[in-house]
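Heads up, the next two complexes both have chain A, just with different partners, chain B and then chain C.
The block that comes next holds the complex of A and B.
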């Protein structure tokens, strides 16, 4: 029985490592510092549509992805914090139940649906066009449930005795939040933020419709300019399957993207361990 | 009141102290017809009593009698009650400055000590506002810790984490934290329930000293402790006050049959 369970669980250990090794092997011919750093790399012509991409490494794509991620977090964090504080301070049991159900529903909506909504509402209706702003807003909506749930759970982990002791000492709601809740909950909230950062880096569909273009873009001029991103870059390059060099670059981009996501996920993991030890 | 406490009172003019000076004639805590119903269950039924100006009142009774709920009503941590509770003649529902201001005048010590994850020093001054923190802060801290019988044990490590203290020391730290606000009344919810005999003794000594200047209401399941604390005893059962007497009378000549049963079995059967 034990042996059977081990065998069933084995893919969970083997698959991620084998995938990672396969991606690195595929990317190896194209992997170099020149690909990541802002220097020109010489890539054979990929056809008209790809000519702009080939001239400079992944610097602009990495920058675009990070820009959208930071914008999304900047927009979603205060809203998530407000939701969590409302949940903990004022919401009745019934309101709490509804709020959590809504967040779960939001979390379950496929990202491409968010992308479609962004395309209609932000890009066309509000006339923002394909832009960093539209991508940031849609990514903020995508990560909002994750951030909110983490903030709610971080606040729920604070011992009720701490809150009651602070109240019994005559501290106002604001003082209880500022002096008891936030100092106790920040590691949990930061963990949620890092996971949300990783999530926003891994989303492709919402920004494909709303924020990114493939060629002719280096760095956005304004918040209403289109950007390039690693996620969509991989998508476009992978479509050019007949060109071996572009496929290698797609794999290399995947390695860079995985590296970024792993950075945030592992930071969140270590922070959670720190949180547990406090 | 010892010398240190007097110095503290003279030197630190906090807002709470000024409020005490305004009407220092009245110093009673009075409950009139207090009832509490939660989720259709009657927790407190028409509770009325007054605490004397100073001295200890032990609130005893079986689990579920409503003792802790009564303390929560007194601090407005539970605000669904009916009736009236007044401190120094002012109803706590219409307290000038609101409920946060009121709670500064009522020290509440919970059964389980709850220290904040910071230093001993920071824990003691946790309830003080920025205005109240000043150059005389150290005197206040020392006075509070001495009143809580903790100064000798921690004076050389005030800036170390409070979580490193033993449970008994943490409970005394909570007492010091409440005392630095100079409360008008001190409420204690089984303050020594989880403590070793030595810590229990130290806290009881502190309570006796404090009771010389203010009223103390102490919920306890420990009948021997209620006898040691002396003062008056209020026996509650099923949300009602069954008997109120001096500790000596209650334990030697309980007048109600329920009290006698409770003392005999330490279990109440009010049915």
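The block that comes next holds the complex of A and C.
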């Protein structure tokens, strides 16, 4: 029985690291600093756009992904904070249950559905077009449940005695929030924010039709212009498939994207440990 | 105490944020229903069991995609549940405690790999492999999509099961040991029944994830709008709800019937996901009591 379980479990322990190693090995030929650092972009001649894109660096794609991530977090963080504060300041037990179950339902809805909703509302009805703003708003909605649940849990972990003694000292709600809750809850909230950043970097489907184009864009002029992003870049290159150079670039983009995501998610991992030790 | 002491301002912020969140989400979902209304009005509910999808001849049958989604979910669960569950048992009951952090980190890496990169791995590793083994034309198949998905829901499964096992109080294990139960009996009679609610909601969450995953599935499933022949043939290229939306959204004109039909696919997807999520919550609620 034990042997059988270990045998069944083996893939779960080996696969993460073998996937990581395989991706890096595949990307090795194309990895270089020139790929990541900004280069002077030469506009490729018409009809040769594909090889042109494949040979230029990934700087713009990285920039586009990060821009969209920042926009999403900027929009979602205040809303998530206010939901968490509502949860811990005013909500009755019944309201708390409704709120949590609503957040879980929202988290369960596939991201591509949010993408569809955004496509109708933002891109067509509000006429924003395929734009950075639409992508940011959609990603903000996608990460909102995750962020608010983390903030709620961070606030819930504060011992009730702290809050009660602060109130007994006659502090106003604002002071309780600023001087008692915030110092105690920030590691948990930061963990949530880091996880949300990683999540918004890895979401591809909702921004595929609403925010990104494959080529021709170096840097968005305004928030209402389309961007290029690392995630969709990988997708387009993977679909082309035949050209060896573009395949290597796809793997290299995967390594860059994975590096960014692991930066955020592993620092969340260590922050959570730090929080546990404090 | 002047710091952040302006309480009405804080209240105003909180109320604005909550109203914004509620209106934002309800408006988004309402537009989904609104856009697919045209489709439901024209065809009624019959597309749900019609099996032909040719948008240019006004044939909109959702059945092939629904069957595809169903098979992909089943295959993914059949691989991920035994593997994730036994990994959770091994890591929390057999291996020393100092390894746990590494295993958690491995799971976090696996969960952190974005879906499109899984698609890339599927395209370059899995498809040629399946092509050789089963002697297929291309490796594009429901089986490939299911295998890639099982890799993606493995972390969810394992972390949920591990947490459920860890929550079992130490006294239970000690009592079981002092009764002279051996390892197998302790596992099957004491640990697994107690951890079952957590494991079940892990399974349901994984199902929801498998249902909604788009990019990886889209790259390996083959996008052929046909009910598999015979229906259990998982080696054929097929289509899932998500991959259909992903493939055809770019070419459907806004406001056309095709667009509306894709919105209907999205609505079916959202309804199923909400159902699964409520099912997993109902159970978790019972756990807390």
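By definition in this document, the second predicted complex is superposed on the first by the 262 of 278 C-alpha atoms of A that agree within 3 Å, B and C clash if a C-alpha of one lies under 4 Å from a C-alpha of the other, contacts with A are read in each partner's own complex, and residues count from 1 in each chain.
Note that in this section a residue touches a chain if its C-beta (ideal position, glycine included) is under 8 Å from a C-beta of that chain, and two chains touch if they have at least 3 such contacts.
Source: prediction; values computed, not measured.
Looking at the superposition, the partner that touches the larger set of chain A residues, chain B or chain C, turns out to be C.
Of the two partner chains, chain B is the only one touched by A:159; chain C is not. Applying the stated contact rule after C-alpha superposition, one finds that A:172 touches each of chain B and chain C.
Once the two complexes are overlaid on the shared chain, A:266 sits against chain C while remaining clear of chain B.
By the touch criterion stated above, A:21 is placed in contact with neither chain B nor chain C. In the superposed model, A:74 makes contact with neither chain B nor chain C. Once chain A of one complex is fitted onto chain A of the other, the partner contacts of A:184 are limited to chain B, with no touch recorded for chain C. After overlaying the two complexes on the shared chain, residue contacts for A:98 are found with neither chain B nor chain C.
Touched by chain B in one complex and by chain C in the other are residues 171-172, 179 of chain A.
Of all the residues in chain A, the ones that touch chain B in their complex are 159, 161-162, 164-172, 179-180, 183-184, 278.
Residues 1-2, 4-6, 8-9, 11-13, 15-17, 19-20, 22-23, 26, 78-79, 81-83, 85-86, 89, 101, 104-114, 116-121, 124-125, 141, 144, 171-175, 177-179, 198, 201-205, 208-209, 231-232, 234-235, 238-239, 241, 247, 250-251, 254, 257-258, 261-262, 265-266, 269, 273 of chain A are the ones that touch chain C when the two sit in their complex.
By the touch rule above, chain C contacts chain A in their complex via residues 1, 3-7, 9-11, 13-18, 20-21, 24-25, 27-29, 31-32, 34-35, 82-84, 86-87, 89-91, 94, 101, 103-117, 119-121, 123-125, 151, 154, 158, 183-184, 187, 205, 208, 211-215, 219, 242, 245-246, 249-250, 254, 262-263, 266, 269-270, 273-274, 276-278, 280-281. In the complex of the two chains, the chain B residues touching chain A come out as 75, 77, 100-104, 106-108, 110, 112, 114, 116-117, 126-127, 174, 177-178, 181.
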